[in-house]
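Please find the structures below.
Below, subunit A partners subunit B and then partners subunit C, in two separate complexes.
== the complex of A and B ==
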């Protein structure tokens, strides 16, 4: 394929109608460690795997408060995430200043989406290399929203991004009705921890050093729970038998043809298949 | 239109006393304009954080806007530093905030009161453009001239003739301070037309915050 001819610029379409720079940016999200999110009728929770660059360093922070009623978990380029977080925090502050109430989540992600879209259409920049799972609570209830470098945002009932997140998504699809129906924060968080556990490699196990959890909900301002605060829930979950780490193909395997359909009702697209950038098959001619 | 003034004075009195291990803030709840009462229950104490409280009388629109500005600054600080602004930092912030409007001032008489990180009480008062006074007891507002001499006599009497900053005696307990401020407001309501209706007292200690309300003259 002519992949390497059309992928240097975000302003250049490929003959297949793709913007490869955006897809490459989405690959950057997969480089980050996993974040899992889910919600029930009153609360939303996210859990993340904290990565440590080296024994000497402290871990990379994954979960950030944006305002009292919302926060995000990030996967990908941390510096890009910081810029986005500052933007989100400022938007929420300005909204509160003007209206003396928390900013509705739909509006917040709308303004972020507009800002991110600019980077997918201008030559002078590049798309943000970070994916976010935002959780929040507003007058419409709890929300879980996925935002990716393509500037798309999706309201979700459960979602996972980052390395090996497909396994967590499998858990989320399988147990959708169960965690949606949970009545307590602890039950919801336990589900999040179980889903997160499926993203770990065989030599890793859940521990308070490895995991960060954040919760927001009705009468529950956004708060990150680290270290000791999640220890009890973790110690319960690790007693349970571990699901085998599933391979990349999930029960909702999508055929290649489906990727090309214009169907706005279909579920969020699975990871795009990435061809090797330096594809050696060169052939002249107009036939793509 | 030549009589237009961008300001109004909505009256009211605020006061605060700093102790070794507490801070006590009091305010009345009357809002007025001219000789009309606008509200009998608009207390003038506004919490900024767990440790710090803002009490302010003057032009109510400017008071509300000033608080909005401060709330944004408090949140920005938390976002940037991961912890709440200390009381001393808030007190320091008042000067640039007020002086930034030197040429169209906030028509306010604010008090910032709270606990420092060791639980010791701190209070400060400001003029409309930010001049701070870090005394152990402060009074601002329409009843200031009535309350100040009373508190000065009861708390700071021994230092009237020296340059030593006015300090509350170490033995001034929270209970005594509550009685003093309550009496001070009862007295102010007697003579100041713009002070009255109810007095709210907020006592902050390391253990927590307690709010008390008493009726004042409603005339």
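== the complex of A and C ==
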């Protein structure tokens, strides 16, 4: 039932200094379909894989406009994301009302971080089960910000979250210089689609039904491109050869075998110790 | 005429207040009163935009009714290197606003994200605050002129604001009495020379104050100027302008 006895509520530390409920919330993000984001000197773009819960249902929306100058892509619990979106939209609207100018992304994310942090320290309730990639444009230029259920947020050059998103991160790391130097929105979105393509399984391929793209930048209000609007770019990208996807199962098997072999040559692992910082050095075992 | 503070009834009321200074709201001798007029107040302020900046002008009197209670009080506030504010009306209400602006400036500084007041955002925020207060039937008794350089648009910004929350932008602004005396003069100046330079704007602003001084007993010839150009805002030290009264005798009713 439980992985261990330290995960009953979010306020209890494990002896290893971990908060398991928060880590489980971070796992919820990985259950959601992938979102990738990146930026160049003038624009930021996000692309997401949409899922369809059944043949008779429409695709789950993944990208949401917050204000003219920013929007988010979500992975995890959609219902939680809607609460967060509502909060973000209200904040942006209030800021515009008071100051007649858009809210800077740093301030927006700061207030969201404060709101989310509370859920990681209260025993009633739970952390939000959703990760966000926020893009926006303000007085500091384009932004891409990753926000976790742990209430951490990171300013990124390129990032991906959600299922199989490691493949997209590999692409984003490899092509960092290339997409940062892109001069047009189209080139930036092409890179987003290529990165997103790497998160798909072998039996899937990019299609306008499956993919949502959103862009924001200088003199370019946040806009989601769905369906026909991304069709042309997708048709270009899918003509390119796919990154070699190793069959997942065999790779895992090889790694497992390697580990097994190595393990036989190693001394047995040490007993687990309680990870609590002590002010006196404790010596155990063979240490004199 | 504004409601005057009645010292005798105030003393009588104070006697009924408990010694610890707390007033019981349900047994208060007098009901809570909203502002019904200013106490110490400043008169008209002037704003003139020129080709690549703006100039604000105000005299330095703090009046208590018709009494010149304070002769030298600053009515121009430098908010940052792009933004200045000129006040007229109740000085205490201005100090309340000044504190809020200062607190927000400190929060902006602490955020360390390069985001701070701009003339447009200050003008907008003041409009909200004043309109909100008047909607509670407890107005802040001020008119403002907000000026500065808007970095977003790379243009000078000049706006006016009344105590009811009516706000507007214009190449020349005056508050209070200045709307009748100074504004027609400024309109004429700008019409003759739409692309004013800094020097002409300064002379026009000072002359607008002079016109007011001739006709308004609450004003004085001690004044301050604030000049904002790109990346530079200066509130200048107090000076005095010259006046000539020799034509006054020609005015009917002067003596």
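Basically, the second predicted complex is superposed on the first by the 242 of 288 C-alpha atoms of A that agree within 3 Å, B and C clash if a C-alpha of one lies under 4 Å from a C-alpha of the other, contacts with A are read in each partner's own complex, and residues count from 1 in each chain.
We take it that a contact is a pair of C-beta atoms (placed from the backbone, for glycine too) under 8 Å apart; a residue touches a chain by one contact, two chains touch by 3 or more.
As the structure is a prediction and not an experimental result, all values here were calculated from the model.
Of the two partner chains placed around the shared chain by superposition, subunit B is the only one that A:93 touches, whereas subunit C remains out of contact. In the overlay built on the shared chain, the residue A:207 is in contact with neither subunit B nor subunit C. In the superposition on chain A, A:223 contacts neither subunit B nor subunit C. Overlaid on A, the two complexes show subunit B and subunit C touching the same residues of subunit A, namely 97, 100.
Every residue of subunit B that touches subunit A in the complex is listed here, in rising order: 68, 71-72, 75-76, 79.
Subunit A contributes residues 97-101, 104, 106-107, 110, 139-140 to its touches with subunit C in the complex. Interface residues of subunit C, counted against subunit A in their complex, comprise 111, 113-115, 118, 120-121, 123-125, 128, 152. Across the complex, subunit B is touched by residues 65, 67, 86, 89, 93, 96-97, 100 of subunit A.
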